[in-house]
Amino acid sequence: MALFHVRMDVNIPRDLDPEVRAETIAKEKAYSQELQRAGKWPEIWRIVGKYSNISIFDVDSADELHEILFNLPLFPYMDIEVMALTKHGSDVK
Amino acid sequence: MALFHVRMDVNIPRDLDPEVRAETIAKEKAYSQELQRAGKWPEIWRIVGKYSNISIFDVDSADELHEILFNLPLFPYMDIEVMALTKHGSDVK
Amino acid sequence: MALFHVRMDVNIPRDLDPEVRAETIAKEKAYSQELQRAGKWPEIWRIVGKYSNISIFDVDSADELHEILFNLPLFPYMDIEVMALTKHGSDVK
Amino acid sequence: MALFHVRMDVNIPRDLDPEVRAETIAKEKAYSQELQRAGKWPEIWRIVGKYSNISIFDVDSADELHEILFNLPLFPYMDIEVMALTKHGSDVK
Amino acid sequence: MALFHVRMDVNIPRDLDPEVRAETIAKEKAYSQELQRAGKWPEIWRIVGKYSNISIFDVDSADELHEILFNLPLFPYMDIEVMALTKHGSDVK
Amino acid sequence: MALFHVRMDVNIPRDLDPEVRAETIAKEKAYSQELQRAGKWPEIWRIVGKYSNISIFDVDSADELHEILFNLPLFPYMDIEVMALTKHGSDVK
Amino acid sequence: MALFHVRMDVNIPRDLDPEVRAETIAKEKAYSQELQRAGKWPEIWRIVGKYSNISIFDVDSADELHEILFNLPLFPYMDIEVMALTKHGSDVK
Amino acid sequence: MALFHVRMDVNIPRDLDPEVRAETIAKEKAYSQELQRAGKWPEIWRIVGKYSNISIFDVDSADELHEILFNLPLFPYMDIEVMALTKHGSDVK
Amino acid sequence: MALFHVRMDVNIPRDLDPEVRAETIAKEKAYSQELQRAGKWPEIWRIVGKYSNISIFDVDSADELHEILFNLPLFPYMDIEVMALTKHGSDVK
Amino acid sequence: MALFHVRMDVNIPRDLDPEVRAETIAKEKAYSQELQRAGKWPEIWRIVGKYSNISIFDVDSADELHEILFNLPLFPYMDIEVMALTKHGSDVK
């Protein structure tokens, strides 16, 4: 399994149709929660003061991660930064 | 309780006495593990390719976080970036 | 209580309906003043030459701060940077 | 009176004589507290996780501010950023 | 009196009505020249190759400077950076 | 298998003992070539005008990549940036 | 022959006609694959989490590379960074 | 005549011999004042909170400016940024 | 005579009328070639992979350079960076 | 033939032996002039106010350019940025 640190900054265009907007956000939530329940997306936090999140992904490969991210309903409106993680020598778990 | 995302980039000077160096790293590890076991420092990951970590702290306050960080044995040799986190609306936990 | 340093850079789109614009700015002012009077937002200054402010928030938690910021009427048109503060050892207060 | 927002990042060289170091820090504290008591330096906060502070100065002029900053005992070891402030239209004070 | 160094980068939107554009630029010029004649805006230079200027303001306070800048007819289309100046020890004047 | 794009910028301190320097560079070369022959490090190019390389790693996991990078003889003197890659939809291979 | 490292970040405007968009992407793919088969564009990888690629070009000259890049069907919607490469002293090939 | 805007950030090494330091600063002052009196260096201001200055040079050519700057006694310890200026269309002088 | 190094990054808006676009580009070419033939614009190169150029100007003054750049038909769609040059001590010409 | 735009920023360490310093600079000059006379290094200019140059190289390949740059006597003390150039469509030569 591979751990990745992902930051997503969301920037939905103002002129997006409000219904499309609401629908896309709802789809994003369902999509994220499905992956959280499947254990692929174990952590998601909101950055205080921003429409952004910090997430941890636990996937089989970087290929799987790209597949997941590319299919995020909000992907066209997000700036995504990926950082590979590994176990830290001081980690007690 | 307050969640914080912390990135630490370590840069120990080359001319630090090797014994002091080894001792400081050992103290850092013990200090970190004590806080991990106390639940204050629930996550620590190594960033691939770097002498850096991404950590999550779960503390009573920002004051407590500063206290913890300022007393890190490697504090004088680290660049630390702190970001306040909050629960994400899509989080299933 | 937790202290946060917040910088807000406002960038209202030129094509926002003038009435909506005026109304949003009025709501922002009322919202800010209510929080100032409640002691949650003790300081707000204008940065000279910019449509930006530096504010100090004194809140129960980072969660409360996010709640406040996310509900700013101008939130969709602002870039917000948050920095956690703690008491300084030289502070005489 | 003029308000200034000042950020100071301290970086004392490792090879500074420990006595000189301790003495300089003590002088800095005394100097700061004297100015705080005189009302020139009304606010000073520590940035969480950093050997840095955010300060507010309330001085007669930018000339006086420079005089104050240039004479900080830690001046040679600090990076200082100054930003002029003015009253915000929403300020209730 | 207080001296400030101000850089203004102008970026007028392409779709601004040409008459409004011409009128705004004319107002900006008149406004600037009035302040120059009043001694408040002693220097203004064009940066070679850019629609930008470097200006020196000589005002009673930062508050007055903000008042002046905020009322620039081109303010909504400018990025402004302010830097406080003070007399240099080598200045012969 | 996982593909990673790695940039290494080498900055060997001037005062490193010349023998240690030569030895470390020789070890680095042997270490790199062993990994190239094992198929773990399929590509390495020099960036023109710099003491830097762009490398492609083909490893079992990010954990293995970190292990490899952390043990580079020149690791203490390098700045390393890692980027996860995946197959491109237009790739004909 | 000359090797170049090229990063392309794609940013297709939202309001591009969907048919034009699909057609342009199809043309880009065909164009890229033709050059890959001709040996001019030996490597293309997707950067995980981004609508971006890292490519290696093996061309007769920088002039030929510019010709290729300038004629990319997606050229108007891409930010391209070029870096000249040369053989690395440790390369075993 | 040609006008140039020059910013100089001074960073004298801590280990410079104190006498050499004092002497170099004295030479710098004399050199600057001579050029000010000759009309070549009409303006010099201190940036508040920094060991930096903003200067205006009025020279025959960029060649003359380089000659002047390269011979500054503090040149080896300064970071210098030069920007060519021209008359502004709104300048009343 | 004064030498300047100029980088121009062109960014023509997508919605510019195609005829206006073609005409502006044609005018730009004619304007540039006239100045090249007059010896004012001795060098112009395309940066590989970009709609950008690096140019050398040989003009009487910075004022003349600004005049030339400000009147470039593509000026409203370009980002221009100017750097003053002088003869290098190793130049054999 | 291939054209490259190269910027070199020189930063010779203060503690370099003065004789070694003088000798290295002399070697650099001779090396540069030899390449200029051979037509490989057709242009070299000093950037005003900096110990930096902008150079144009006209070489057979990027490999040859790297060979030349890597063997510059001042290479260990320089930061070098390389940019590939190609003929501009408006060039009259």
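Observations on the structure shown:
Should a chain be cited, it is by its letter among A, B, C, D, E, F, G, H, I and J, assigned in written order, with residues numbered from 1 in that chain.
Just so we're on the same page, a residue touches a chain if its C-beta (ideal position, glycine included) is under 8 Å from a C-beta of that chain, and two chains touch if they have at least 3 such contacts.
A quick note: this is a predicted structure, and the numbers were derived from the prediction, not measured.
Touching chain D and chain H together: E. Superposition on CA atoms relates chain A and chain G by a rotation of 70 degrees, given as a multiple of 5. With respect to chain H, maximal separation of chain centres occurs for A (centres as means of Cα atoms). Centroid distances from chain E, each centroid being the mean of CA atoms, peak for F.
Chain C and chain J have Cα centroids separated by 51 Å. Work out the mean CA point of chain D and of chain I, and you get 46 Å between them. Counting partner chains per residue, chain A shows two or more touched chains at residues 3-4, 46, 48-49, 62, 65-66, 82-87. Counting only pairs that meet the touch rule, the chains in contact are A-B, A-C, A-F, A-G, B-C, B-D, B-F, C-D, C-E, D-E, D-H, E-H, E-I, F-G, F-J, G-I, G-J, H-I, H-J, I-J. Of all residues in chain D, only 3, 5, 28-29, 32-33, 36-37, 43-49, 53-54, 83-93 touch chain C in the complex they form. By the touch criterion stated above, chain F contacts chain J in their complex at residues 14, 46, 48-50. On chain B, the positions that touch chain D within their shared complex are 4, 6, 13, 62, 65-66, 69-70, 76, 80-82.
Residues of chain F touching chain A in their complex: 2-4, 61-63, 65-66, 82-87.
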